[in-house]
Every structure is written in C-alpha cells, then in structure tokens.
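Let me begin by handing over the structure; questions about it come next.
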Amino acid sequence: MTDQPDPLRIDFHLLDRQIVDAAGEPVGKVDDVELTLNPATGRLQVTALLSGQQVLGERIGGRLGGLLAGIARRLHPVEHPPPLRIDLTHVASIGSAVTLTVHRDALPTPPLERWLGDQFIGKIPGAGHAGQ
Amino acid sequence: MKRVFAVTLGILTAIGGFVDIGDLVANSETGARFGMRLAVVVVIGVIGICVYAEMCGRVAAISGRPVFDLVRERLGPKAALANLTGSYLVTLLTLAAEIGGVALAIQLASSVSYLLWVPVAAFAIWVALWRVKFETLERVFGLVGLALVVFVIALIQLQPDWAALAGDATQLSPPDGEDWGTYGFYAVSLFAAAMTPYEVFFFSSGGVEEGWTAKDLLTSRMNVFVGFPLGGVLSLAIMGCAAVVYQPLGVQVDTLAQTALPVGIALGKIGLVVVILGFFAATFGAALETGLSSGYTVAQYFGWQWGKRVAPRQATRFHTVVIISVLLGVALLLTTIDPIQLTEYSLVFSAVVLPLTYLPILVVANDRAYLDDKVNGPLANTLGIIYLVIIVVVAVAAIPLMILTGVGQ
Amino acid sequence: MVTTVGVVVVWAAVVVWSVLPPTPEAYLAEAVSAAQDAVSATGTVLLVGRADLDDQLLPPYTDTALEDAQQAAATAAQDLLAAPVPDADSLVVRLDLVPLLVAASDGITAVATASSEGDRDAVEAALAALVPVRDELDQFVQDNQ
Amino acid sequence: MRASDLIGRPARRPDGTVFGRIADVLADREPDGTWTVYAVLVSNSQRLRLFGYERPEITGPWIIARLASALQGPLDEIPIADIGLPNVI
C-alpha cells in the first residue's frame, strides 16, 4: 500500500466506500471490515474488507437489516453464500475509493451478477457489446 | 460544434428538471393561473441547481465519485437506504410519467390514443438504454430537445405587453381568485422540480460515464452554467406563453395539447410541428435520464458495476434494475392513471429525499481528502447553506400544502 | 407500535372525513370547481377552433385537443350530477349550473364533430354558440369565488 | 470479529461497565505492512455517523461543522487496551 490515510479511521475511511479494481472498475462497497485478534501479539489487526448485501444486512441489523439479508439470501442461487472477502494485502490505496492491486476478473463474480448474466441479461441480443 | 456537443449533458440533465412532461404542463398551468407571479421561483431554482450541480460535477471530475456513492458513504447504510427508497420512487414515478409523455407527444401527431403508444414508447426507450452509446443519447436528445426554444419565439411573436409581464413577475402574491395555499403549493412544486434529485444523480454519473478528470472541470462548469439556465429560460417561456394566451380567458391548463396551443396560435403549422418534436425529444430524454438514474442509484448504493461504458453483460444487476423500472412504469401507466399528474405526487417523497441528497454533496465538497485544493470557496458555501435551508423549508412544507390544496386543485 | 397506532388513527380520520355529509360550503366549492373546469374546456375549444379555422393547426393535433376538452367538460358535468345535495340553497345552485355544464359539453361536441367533418361553416356556427355558454360559466365562477 | 461488532456499540471497560458508544476505530500501519488497531473514538451521543468533521481535512461550511460537533459531542480517543472487546472471537 502506497497511498494511505494516517491514522486509518475504519468507519470514516473504509466503511461504505466504493471498492474499485486496479483498472478503476467497481467491485463492491465496503460493507464491513474484518478484524482479527493476533494470537501471537494479542493485538487486534485489520485483515480484510467484506462486501455483499448479506454482510450489509447483518451490519444494519434489526428488522430492516434482516429483511435486506433475507432478500440477498433468497436471490442467491447457492445456499449460505460466503461474503466477498478481500484481504487487506490486495488493497493498493485508500482514498475517495478503496483501490485494489488486482483486476476484478481475479475476484469471484457475485452470484447474483453471474446468475442474471447467465439466465437473463446474457440472453438478450446485444448484451455482449457496449453501446454504439 | 465541439463546444456545443460538450454541453449536451448539462442540457439533457436540465430538460429532466425543467421541461419534462410534468413540468411542461405545470409551467403552462402556472402561467395560466398566476401569470408570471411565480417566475421568480424558477430563477431561484435555477441558481440552486447550478450551485449543487457544480459541486457534484467537481467531485465527480476530481474524485470519480458520483452522488449516490457519496450519499451512502457520508450518511451510512440506514439513512442512505431511506434516501434510496425515496429517490427510487421519485425516479420511477417520473420515468412512468415520461413514458406516458412520449406517448402523449405521439398522440398529438397521430390522434391515436396515447395508451396504445405506451408499450411502443417504453420499448424504444429501453432499446436506447440498452444499445445506444451514452454520448449519442445526450447529443441527440439534448440537441433535439432544444426545439422547445420555439416557445421563446412564440412568446415574442405573441407580442405581449412586456412591461406588464415584468411587473407581474415582481408581484410575489397570488392574483385575484387564487389563495395563498395554492400559490404556495405551486411555488413548492416548481422549486422541487427544479432541484429534483435525479438531476444530480444523472449529471454526476454522466460525468463519470464520460470519463471526466480534473482536466474536465471547465467542461463540467460549462455544462452547469449553460444547461440549467437554458432549462430555466424554456420553463419561463412556456409560462409566459400560457400567461398571455390563457390567463385573460380564465382558462386553466392540464393537458399537453393546451401547452402547445400558444405556439400554434403564434407560429402556425410549422411551429406546431417543431413544438411536438420538442415534446417528443424532451420527454424521451427525460425518460432516459430517469431510466438510467433508477439504475445508477441502486447500483451505486450497493457498489455494483454500473453504466453504459461497459457491455450489459458486465453490469447485469444495473441493467436488470433499469428493465424492471421501465416495466413497472408501463404497468403503472396501463392503470390509465394520468401521466401528467404522476410527477406531482412524487413531491411527497421530497421531504426525505431533498435534504438527504444535497447535504452529503455540500459536506464532501468541503473535504480536502476528496478535492484537495478544489474544495468549495466562500461563495459556494454561502449559497450552499442558503439553499440547504430553503430545501428543508420546502421539504417540510410540501406534504401539508399538498393535502391542504388537494394537489393544487 | 406508536407508529402503527398513529397510522391507524390518521387512516380512521381520513375515512370518517370522507363519509361525513357534505356541507353547503363544500357543495358550492365543488360547483365552482366544475364550472371552472368547463370554463377552461370551452375557452380552450374557442382558441383551438379559431386557430383551426385560420388553418394554423394540424388535424391530429386538433382532434386530440378537442377530445381532451370534451372529456374535461363531460367529467365536470358528471361530477356535479353525482354530488349529493345538502340543502335547498345547494339545489338552486345545481339547477342553475347543470344546464350550463351540459350546454358546454354539447357545444364542444358540436365543434369537434363539425371539425372532424371538415365543415367550416358548422365549426364557425358551433363556436359562436359556445361563446355565451362560456361567458355565463365564467360569470358563475366570478360570482361565487 | 467485524468492525460492526465495535462501531456503534456500547464502549465497555475491560470489567464490562459501559461509558459511551464507539464512534470509530483507529488503526496504524506496522513496518511489515499490516494494520493494527490502537484506539477507538468514544462519544456520549446516540448519533453515530460522523460526518468526518473530527478530521483536520475538513472545516467548512462553518455552520455544518458546528452542528455536527454539537450533535456528536466531545470525542475521546481511548487506547484499545482499555476497551473490553466483545465475545465474538
């Protein structure tokens, strides 16, 4: 990581920011952040960004959050989908967006995006081309 | 010509705020009932949208972040979800109205009921959203929408008593036969239309679609300071035409055909053809603006890939939201609800949406972490605060005024 | 819980409000509103008809504009016919106004029919017949505002 | 553990007593590139989302800055060692 705030404010600098890949294309929002207690040092480390509607629903909590997480779960073709977890080592910089060092193709495609691509949008003529 | 093309985004954005189907008729209705006594609200609205569109254009150019991205970032997921719900409903109601508006414009040229044209119009709009490049859309519909300048020519041709119109414009009270409640209602709805939130969603996302960077700050400003004032002038010309033709006869306006009539009277058949073409382009353009905005807001809230730079296959969730929105709009219209009334009801949501959209823009436009040395100066901040206060007053007043006046009847 | 109770109370209030018997004031307001709608429709038809005679409009446009006006005038008459009459004074209002609303609706239909048949003389005659109806409706609005 | 297990939750001392709400979590970069949490920002107010006015990068508009700080109240930076972490790994 080259460009980074000091100190890193997790709520302000990370939560709800747009994650973009190395080419600047949107990957997802930072819906939550993973913190891990390092057993060797006993210190709390920031380890990964979590993204996905279910994570967001769990974070919002209450009836509204439950509803959101429930819809996300129902829309997923697989049961108990894991959230998109992006290790902090893949983060290139934290600015007005969180930029990754990798391309979005290297990350798992969100299941809903893929399902819609296979079953709906991809079947409409012209889906494979940007406009002209 | 290149200069003209550079500002089509601003023109198309302004069309959605000032001369979409609801406003075409509302401007005419206002002129017929209040003369030019509400003209000042249009001017206030133009300044307000310029102040905030300039801010969000600057943020989009320098940081690449469109408005709804900032809304979620600064308000957090819950308040942003409340805004998303309200904004989406405003955008959806307007999209439905515009599809109906395109159909109404075709009815004026064909005399076949607009309801039969609704599916055709919706399909054409969707094809444009699906296949046509963003720049092509904004150029075609931004420029053809300028056909509405015919209202300015018609107003001149009608040879009104300019001094009387100007004198009317300085009277900030309802004329005889109208009460303060209705006057207030029309003032609030004109202002809310001028500052309708999908304008900033569309404008900032459009800037990102066009790939603006810090070098394009001037382009962004030109778009703002050409597009919105132009929208305001069209709005005032429509108001003026109605004031001249209808007010002396005590006629109230509630159809698109009535809005067009002063042009026919002043300029004859050619004028009428031009004005119908202008209606078509303006409503079609506003449909594109709201159709895209429905996808922009949802996708930006959740952080999905969005926009027309990439193939639909690359942004399937975005395109699905757009398709569902168009279908919902068609379903709403086929209940035979009056498309022109639809946009008036979207005023209900402005209480939630307006403050929650403009506050985050103002805050971020002051943050050096986003804008470095391009943060707001004292003028932008002073105007920003003044308008935020007006927005809050309007947002609070909107619903009671709606109930009190039975939506301005 | 509080929200739910609030919503129920507001909803109940709206329902009760809407089934309350109409007051004479409310009836008069409705009558004025119907008359105003008829003034707007007749006024528009006079403008459209004259512009059409001057050959300034296009047939599909004229058809649509006249159809809109027919619809508006018919709705205004229907609304007043359907409104319950609260007292004797209101009945007088109704007996005064309903014939005017019907005359407006008939007059507009006459213009539309003549126009669609391309009969210029009939259009001219129908427009001339509409003027006094419009004036009387306008007078009613002015008197009762 | 997720950030949302701390942010917006009651701030507790290691013995479990509550003394405010956690408004933000601050981390520092170690020489090996990892990020370590060193402190939390604790507020007494119920309003949890900070507008960013606690940072030096933003100062205006004056009236919104004042309103934001009035709403959120004073913020205390408490070392993470003085905070009782929730029982979620």
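Each chain carries a letter (A, B, C and D) given by its place in the written order, and its residues are counted from 1.
In this section, a residue touches a chain if its C-beta (ideal position, glycine included) is under 8 Å from a C-beta of that chain, and two chains touch if they have at least 3 such contacts.
The model shown is predicted, which means the values in this text are computed figures rather than measured ones.
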{"item": "Winner on C-beta contact pairs when A-D is weighed against B-D", "value": "A-D"}
{"item": "Chain whose average C-alpha position is farthest from chain D's own", "value": "C"}
{"item": "Averaged-CA centre spacing for the pair chain D and chain C, given as whole angstrom", "value": "64"}
{"item": "For chain A paired with chain D, centre-to-centre distance based on mean C-alpha positions, whole Å", "value": "23"}
{"item": "Length of the line joining the C-alpha centres of chain A and chain C, rounded to whole Å", "value": "58"}
{"item": "Distance between the centres, which are taken as Cα means, of chain D and chain B, whole angstrom", "value": "40"}
{"item": "Multi-chain contact sites of chain C, meaning residues that touch two or more partners", "value": "none"}
{"item": "Where chain D touches two or more other chains at once, by residue number", "value": "49, 52, 55"}
{"item": "Where chain A touches two or more other chains at once, by residue number", "value": "15, 59"}
{"item": "Chains that touch, pairwise", "value": "A-B, A-D, B-C, B-D"}
{"item": "Of all residues in chain B, those that touch chain D in their complex", "value": "74-76, 79, 359, 362-363, 366-369, 375-376, 381-382, 384-385"}
{"item": "Residues of chain A touching chain B in the complex", "value": "5, 15-19, 24-29, 31, 51, 53, 56, 59-60, 64, 68, 95-97, 104, 110, 112-114, 116-117, 120-122, 124, 126-132"}
{"item": "In the complex, chain D residues that touch chain B", "value": "48-49, 51-52, 55, 57-64"}
{"item": "Chain C residues within the chain B interface of the complex", "value": "33, 36-37, 39-40, 43-44, 46-48, 51, 55-61, 63-65, 68, 72, 138, 141, 145"}
{"item": "Sites on chain A touched by chain D in the complex", "value": "1, 4, 6-12, 14-15, 32-37, 43-46, 50, 58-59, 88-89"}
